[in-house]
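The following pair of complexes shares a single chain, subunit A, combined with subunit B in the former and subunit C in the latter.
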Partner chain A sequence: MAYPSIAIPGQPLGLSSQYASGPGTHVQNAHICASILGPVVEYAQDTKASSGKTRDSPPPVLSVQRSAQLVSNDAALTNVLPEVDAVVLARVTRINPRQATVAILVVGETVCSDEFQGLIRVQDVRATEKDKVKIFSSFRPGDIVRAQVISLGDQSNYYLSTAGNHLGVVMATSDGGNTMYPISWKEFKDPVTGVTESRKVAKPF
Partner chain B sequence: MPLDTSSYSLALLRLDGRRWNELRRIHAQISTQAAADGSSYLEMGNTKVICTIAGPAEVRRTGGGGSDAEIKVEIDIAGFSGVERKKRTKTDKRVAEMRYTIANAFSSSLLTHLYPRSTIQITLHILSQDGSLLAACLNAATLALIDAGIPMTDYIVACTAGSTSSYSSNDESADPLLDLNSSEEMELPFLTVGTLGAGEKVSVLVMETRAQIGRLEGMLAVGVDGCKQVREILDQVVRRHGKKLVNSIVE
Partner chain C sequence: MALSPLVLPGDPIPPGALPTSSNPSIPLKLGPGLRHIPPDRIVPVVAGELCIDHKKNAVWVETNGGRYIPTAGDLILATVHHSTSDSFSCSISPHTPFASLPHLAFAGVTRKTRPQLNPGSLVYARIALANKHMDPEIECVNPATGKSDGMGELKGGMLFDVSLGMSRRLMMPNPSAQGSMVILDEIAEKVPFEMAVGRNGRVWVDAEGVAKTLVVGRAIQETDEGNLGVDEQRKVAKRLLRDL
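Now for the complex of A and B:
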């Protein structure tokens, strides 16, 4: 074995005529060089990709593994992204009469490592009587909302919808700062003051 | 304490007892903060720097970002780090230039094309300053970027070099000095040189003081030579960290 067990960035690992460059490596002066710190792995190239040439087998691939990939388990590694039709949990960050901006915290069953910004437009809040919906009486900043991704949206926002019985606000705090409980499909009640506030309520399971 | 006129010429020892080509003690640790994507702690003599890396992460602002990752540098100089407590404004020109120099240096060594529309945030906390600040920041950032697993073509290592000869004395045989501390930096012309890789490829060269052009070559040669020594030391640190990681997997 010509290459070392642990590579450090910039270290030459082998000639590019003998090996192919895999993840974690780059080619410099006809040498495969490591670009990250970690153990070196050699594996045979996927032969299906280069089925045109049958005579000579493709060179083996050299790659450097990220050490953290081996240390951490797979669950932490998989970085989930919201996709269309996924049900997400999001926190309302700000509202205006046309839309509510939210931060997506959970996609499906997986907690995101990073928050994603999403948007609930006024016409996507509920399925019926869309023209009568008021964002102000559906969401408030700080509410936790269960919503469905309807579009990957523009470059900064995912577009979400709460049209559906099971979608809407699942957790809300009142003006007084108390956690409220849902009493109907459009109202939450403060257990301390007894005041009701209107929301687009998600049907509890 | 005029260094170049009194003691140095007699004993050829500097104020802290070093010879002209000696580095200060370099101590470095990798992966010091668990919360960051990559982090390091570096001491070059009494200059102490903590570096943390966040990213590559999605660009926050609207408009997206380009086809390469953008490198942002934040430098926080602690109030207690220097000799006197100085209030630094956000728009300090010297800090701004350091940020620009660091971002520029790493945008050439990191493989930023692998991370389109993302940012790599380099945050440097300066706990103690005693000269060679930019060099310490560059070295700390290199270690933290390795810890973060951001692909790079090679290390950037940096150190400073100065010249003992004053402008007026015009002494051609005056020694260049390696790795200046703050009292030397205050009275001698010096430059910060950063090299990429094991060769003599200079990627960073900053000089804020004036010196005769004849001195430059000597200073640069000493600086590049110092970078090789720094590289050896950082190499050991990285290898030790790599071994530790591999051992923790096996066990």
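Now for the complex of A and C:
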């Protein structure tokens, strides 16, 4: 069955017996269907080295490309969607005694074309003494945070965690407007005024 | 007391105005209304009188009016608006976000015995957390000692609104000497009453009967509105007590 060159969401592209489902597609009623709007590409799967058993080569992969990937012709470009256990960089947009709302800017090494919203709940800020965490002493709006995705969450938010030495605030601006540098796992220092502010700091190296 | 200089935001401070403490080891303390621009500039950011305390080596700008800005550590009068699963939402000043008062932030309370505060109740509380990024949080217990320190629900009585400057004068350690507030001493000779002052511009008064409560409340409000001096306060006190 010839697949269309441009697919709209929900459009069947091929049989799931003949093709494998790649990024931008899903399987429904034994058909590979497009999930997003975009051009359809087919490419061969990377055949893993099998241990002597002769098998048929795995079926080709059908995928629908996102507009951000059209810049490069590499069909096997990594997806810019955050996955579970991905390390992301995000900017804190809002804080609340129970959670911090962040805008995910970078997934892994790729900058996202548009931001995703994430939540860091108060029990996911630190690994130890989770009930004594104060969000105001861990994050402030405007901080850049390195976090790990723990759940794809619901319709509006990914769930992130900064429980880990390498996770936490990477860049912060002081109340006086100057960029601060980290001095310990819980403090940033403003070099101009000398004032320290508390944050949950990520290990810089 | 010498007339304190009036300053406007951004004015340079006259050099003789800064306190010169006899003890040079005490650092200069900047109070509300002043900002330090490193390395050596002190600039007022509000309009008002520049006040100095030589003993404590402190300088600040005294202004009256405007809205109350919640600051951690202030004692305030809050009205309970509604209750959520783990806190009360209380109003500190009108048309501002509610402050949250946790159910467990009271003296001698456990998960089984929760305080019963209906919407509309008045509480005397301390601000635990206040910053520009989040809604304020208040508490009715001292977290270090677990004692209530006079905080908690206020039953009966009546609430009066006063300016922020008046509530600061009432909360001074010696209002009659430091803040020229003699009217309450005059009234207290004839009318016994109980009073609680919040820094958010609210005063709660409780006396025997509505008439006496109103006398005390009106006394404070008239002193505030008219900016009355000591003699005028005595006249007002006489007039209000005579009408009782």
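Heads up, the rule we're going with is that the second predicted complex is superposed on the first by the 126 of 205 C-alpha atoms of A that agree within 3 Å, B and C clash if a C-alpha of one lies under 4 Å from a C-alpha of the other, contacts with A are read in each partner's own complex, and residues count from 1 in each chain.
By definition in this document, a residue touches a chain if its C-beta (ideal position, glycine included) is under 8 Å from a C-beta of that chain, and two chains touch if they have at least 3 such contacts.
All of these numbers come straight from a predicted model, not from anything done at the bench.
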| Touching A:136, do we find subunit B (first), subunit C (second), both, or neither? | second
| After lining up the shared chain so the two structures overlap, which partner does A:95 touch, if you call subunit B first and subunit C second: first, second, both or neither? | second
| said: Looking at A:114 after the superposition, I want to know if it touches subunit B, subunit C, both of them or none. Which is it: first, second, both, neither? | reply: first
| Looking at subunit A, which partner touches more of its residues: subunit C or subunit B? | B
| Is A:30 in contact with subunit B, with subunit C, with both, or with neither (first, second, both, neither)? | neither
| said: Under the stated touch criterion, which partner chain does A:8 make contact with: subunit B (first), subunit C (second), both, or neither? | reply: first
| Residue overlap on subunit A between the subunit B contact set and the subunit C contact set? | none
| request: Going by the contact rule at the top, pick out the subunit C residues touching subunit A in the complex. | output: 38, 100, 129, 131, 133-134, 137
| request: Going by the contact rule at the top, pick out the subunit A residues touching subunit C in the complex. | output: 95-97, 134-136, 140-141, 192-193
| field | Contact set on subunit A toward subunit B in their complex | value | 5-6, 8-10, 24, 26, 28, 33, 35-39, 66-68, 70-71, 114, 116, 155-156
| task | State the interface residues of subunit B toward subunit A in the complex, per the touch definition above. | result | 57-58, 62-64, 111, 146-147, 149-155, 197-198, 235, 238-239, 241-243, 245-246, 248-249
